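In what follows, chain A forms one complex with chain B and a second complex with chain C.
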Partner chain A sequence: MTAPNSTAGIFPLDKKGLLKAYRTMRTIREFEERLHADFAKGDIPGFVHLYAGEEAAGTGIMMHLEDKDRIASTHRGHGHCIAKGVDPNGMMAEIYGKVTGSCRGKGGSMHIADLSKGMMGANGILGAGAPLVCGAALAAKYRGDGAVAICFVGDGASNQGTFLESLNLAAVWNLPAIFVVENNGYAESTSRDYAVAVDSYVDRAAGFGLPGVTVDGLDFFAVYEAAGEIIKRAREGGGPALLECKMIRMYGHFEGDQQTYRAKGELEDIRANKDCIKMFSQRVTEAGVISRGELDAIDREVVAEIQQAVASAKAAPLPTAADLTTDVYVSY
Partner chain B sequence: MARKISMRQAINEALDQEMARDPNVIVMGEDIVGGAGGEGEEDAWGGVLGVTKGLHAKHKGKLLDTPLSESAYIGAAIGAAACGMRPVAELMFLDFMGVCFDQIFNQAAKFKYMFGGKAETPVVIRAMVGAGFRAAAQHSQMLTPLFVHIPGLKVVCPSNAYDAKGLLIQSIRDNDPVIFCEHKNLYGLETEVPAESYAIPFGEANVVREGKHATIVTYGMMVNRSMEAAAALAKQGVECEVIDLRTLSPIDWDTVIDSAEKTGHVICVDEANPRCSIAADVSAMVSQECFKALKGSIQMVTPPHTPVPFSPVLEDLYIPSADSIAKAVKKSLAH
Partner chain C sequence: MLFMTTAIGIIANPVSARDIRRVIANATALQITDRANIVLRVLSCVKACGVGKVYMMPENGGIRHHVRRGIDRAENQGLKHFPVLEYLDYKISGTVEDTFRAARLMQEKGVSAIVVLGGDGTHRAVVTACGDVPIAGISTGTNNAFPEHREPTITGLAVGLAVTGKVPSAEAFLPNKKIVVRVNDQEEIALVDVAVVTERYIGARALWRTETFRELFVTFADPEVIGMSAIAGLLSPVTRLDPGGLHVRMAPEDEANIILDTPIAPGYMRGIGVRDYTAMKPNVKYRPSISDGSIALDGERELSFTRDDDVSIELIPDAFRTVNVSGCMQYASRHGLMRVNQKINA
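The block that comes next holds the complex of A and B.
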């Protein structure tokens, strides 16, 4: 049975928007869980960092963006890419090192980019996206096109000098730039509380003259509403802001991480009680806005899409020796 | 119409003409206008050595003074370039690369390749290089080899005002990130420069003096020292060919190799420290490609492998002199 379409007074999005958000989050989760399984089988080369568990944050923010808006992502970038509209087929092929990949097999998991979608790249250097986003925001301001630029960093990279310099630059130039700290509690294996001297990122933002907001990053609706206000303000010339999303990663820093730094039972607790997609599903079904059957139908479609993306990636051609020296000038 | 102007004026003119031509060209850096936010004169400095003086009034909103935050504003220039702008960022002294190198070598240099050819990063990073200004160890280095080592970067180092204008215009129009090295001791040097806009293609060395006995391969201020040495040697009957590389990446190997095969004697003169230098790079290529044509061992003339000293007497000893270049030519010829 299909639930009624009206969400007025209950949710900040209409039913179509809610279904889109759910589909995006489920696509990210399925993409990442499939990578987790296939990495364990030895199918995937290199380093892979999964966004599973953090879907509500990336999706809640990106729901406000258009292609003209730009983001700079992190090493944990698959979720940002999908939420920003990058094709999961190209992403999967890229992670498999195939010539059909988003970056023709030259970037891999840590460097997926699609500038046509405003995705300026996942980044293997922590904090490096922050100045790039200042540049994107500067270009938007210079052209007056109303675009915003969003930098994602983890709690670890929030300590990088380049990130802190960028907060100041964005503030003094009043750029339409937003800095999102995805605080998942760990910088690799080191706890956030060990490595960040202040308790609140709101305080840190204040030190740079920026408004700062902390939200429960597991709560899609909290992220959506907070990001919406910040993004609207930036579009209207109100300047930069910092948004901290408190969240959880379901897997290790990278695939293969045994996560021995976690407390006993921590992962089980996350799976049982802190799954942002389960929380979203519960909210929308209990409100009677979307039925379980509608969500299940999306689940089935997403599983099939990711299955197809993996099959296509596996079947896709590898780069050849001729590809080694293209896409860069070589004068030697 | 050509008139004699200094390299400082030539660079200013290139920026002026390119900003007028293309609205995407913007200029940013520390004190490039000067006096921002203060109560004194607007356009107070025009850059620490006055290279951008006067541009602010002609191009309102296109010259951005930055906080002292090289990592942030060099990165912002790179990010803006990836979004279709053509920023020219001034790093002031190339020695300051240490605080923003990640943005240059891990970001700008790699975007195009790493993103499968789907990104262009048309950014120019201008910076002062070189010794002789009594500016000591952290404001005097010739760090060109560090940038030449990185695939994806282009590296330019003009020796005169004419080349500076044409190469800077080419740098701004180029779609790759360019490190544009300005020797601070050449700013005042005047040469004939056309008033109109012109671009000098990359990868084309300039044979600034022809000769049949020995080949001197060099760039930047060392071109002038090498020309002094060549003039002195000519009086002794030794005719040197002097090659000004102009762009170090891409590099014009053909001109170097043709000359090496003609003379059989090659002297590589570089203001960079000797290990893994441009001189070492050219020496290796010449020995690999021209082995049978060589009639004497390849000579490298560089500073010693030390930081740049402050005391004027030491700094003068540090910088390769016309005399040391002439001695190296004679040493090769004596083989």
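The block that comes next holds the complex of A and C.
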């Protein structure tokens, strides 16, 4: 049975929006779970850093964005790409290093970009996205098109000079720039307690004259509400802001990380009790606006899509030696 | 002879005043260093009154590092400004569980009072778990209807005077009401207000979508506070010491009998549709008027319910004690408690 369509006064999105959010989060999860399995088999070149467990944050923010809005991602960028609308087929091929990839197989996991979708790139250099976002936000302000630019950093990269200088620049120029700190508690394996002197990111933002908000990054609706208000504020000329999402990654810093810094049973507890997609599903089905059957149907479609993406990626050709010298410089 | 050092607890929440109201309502964001400075002020005041030991909630939000610096500096100078400070020993979760646990452990350690730094939510969490230990609130949150607004130095002094017996108990402490909300077997409390809204998710927790407001129950109604209880306060004030509370039924504006302009967050004036309001009787179970929705406790969405759930809302008088800061300071003045050395006849 299909549940009723009206969500007015019950959820901040209509049913179509809720289904889109679920599909995005499930696509990210399936994409990452598949990479986890295939990386272990040795199928994938280079490094991968998985976003599984953190889907609610990227999705809750990106649901408010259009193609004209720009984002700069991190080394853990697959989730941001998918949520921003980058084609998972191109992404998978990119990660496999194939010529059909988003960047023709030359970027790999940490450099997926698609400017047509406003995705300026994942970035292997920690904190490097922040100045890029200031530039994109300045361009948006200059054009006056109401676009915003959003920079994602982890709790580790939030200590980088680039990030701190960008907070200052964004405040000085009153840019429509938003800084999202995805705080999963560990900079690689270093706990935040050891590495961040100002323990509150809201305080850090205040130090540069920006408002800051902390939300439970596992709760899609908490992120969606807070990001919505911050993005609206920036579009209206209210200037930059910082959003801290407290979240948990389900896998290691990189694939192969043994996670010896975690307590015994911590990962099992995360899977069982702190899975943001399970929490979302429970909310919408209990409220009766979406049925379990509707979610199951999306699950099946997503699994098939990712299966197809992997098959296409494996079948696609590698770049040739002649491709080495293309895309190095912009053609004028 | 058994010599017991008077001990108190301090629970300072590093994550209060961090929510969405910084953006929608230009609310204050009290910095961690300011919170640590408040703790140091309280510590030196309770020490001056004779409190020898203080237990603190461990946290990794940064307060303890600044407090430690202040204490180390005093010790390096040979000063005895501060009582012995001990952090409770357990693994920090970074959630409200830390507050529950600290309050329980402080009660077990026999503290005479707990000083709370936070907003209404933090105070609610402490009262949930501290048993019969009196609390003294210091406002470091957003809406803060429950903790009274004053300089923490004075709160610290009053706590010190109360727990060392310099002010007699009858004057040192006040009774407070609470509201118990039960959803089936789950039981939660609110210190100030319980709001019933149509939303079915917790999300950013704060309440600001007025069209979803349906019902409000308050323990006291003060027109000088902001937040949900301000609605009741502007309709019909009820003091903290009155036996009952107030029950307000709300509605979308087109169905309302009164549109009440109310500061529901700092600087955030909104028209609230009110159907009617009546006294809330103590020890009577009320049922929400809608079958499906969420319940906000002290201004934050916490619980969701459906038509299948058994929900009740009940006001309990004389539920817990607070330090009567004003009463303690008035008593101290009347009885010359702070006159250490007097050479002339007053």
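Simple rule for what comes next: the second predicted complex is superposed on the first by the 328 of 332 C-alpha atoms of A that agree within 3 Å, B and C clash if a C-alpha of one lies under 4 Å from a C-alpha of the other, contacts with A are read in each partner's own complex, and residues count from 1 in each chain.
Note that a residue touches a chain if its C-beta (ideal position, glycine included) is under 8 Å from a C-beta of that chain, and two chains touch if they have at least 3 such contacts.
Keep in mind that this is a model prediction, so the values were computed, not measured.
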item	value
Joint occupancy of chain A by chain B and chain C, clash or fit	fit
First (chain B), second (chain C), both or neither touched by A:326	first
Which of chain B and chain C A:42 touches, first, second, both or neither	neither
Chain A residues touched by each partner, larger count belonging to chain B or chain C	B
Touched partner set for A:111, first chain B, second chain C, both or neither	first
Chain A-centred angle between chain C and chain B, computed on Cα centres after superposition, in steps of 10 °	120
Chain B versus chain C as contact partner of A:144, first or second or both or neither	neither
Touching partner for A:222 - first (chain B), second (chain C), both, neither	second
Touching partner for A:133 - first (chain B), second (chain C), both, neither	first
Touching partner for A:213 - first (chain B), second (chain C), both, neither	second
Minimum C-alpha separation between chain B and chain C after superposing on chain A, in Å	25
Chain C contact footprint on chain A (complex, rising order)	9-12, 192-193, 198-200, 202-203, 206, 211-215, 219, 221-222, 224-226, 229-230, 233, 241, 244, 246, 263, 283, 286-288
In the complex, chain A residues that touch chain B	70, 72, 101-107, 111, 113-116, 120-121, 123-125, 128, 130-136, 138-140, 142, 149, 161-162, 165-166, 168-169, 172-173, 326-331
Contact set on chain B toward chain A in their complex	26, 61, 64, 66-67, 69, 71-85, 87, 102-103, 106-107, 111-119, 151-152, 154, 176, 203, 249-251, 253
Of chain C, residues touching chain A in the complex	14-15, 17-20, 22-24, 26, 29, 31-33, 60-62, 65, 91, 94, 198-205, 211-212, 292, 304, 306
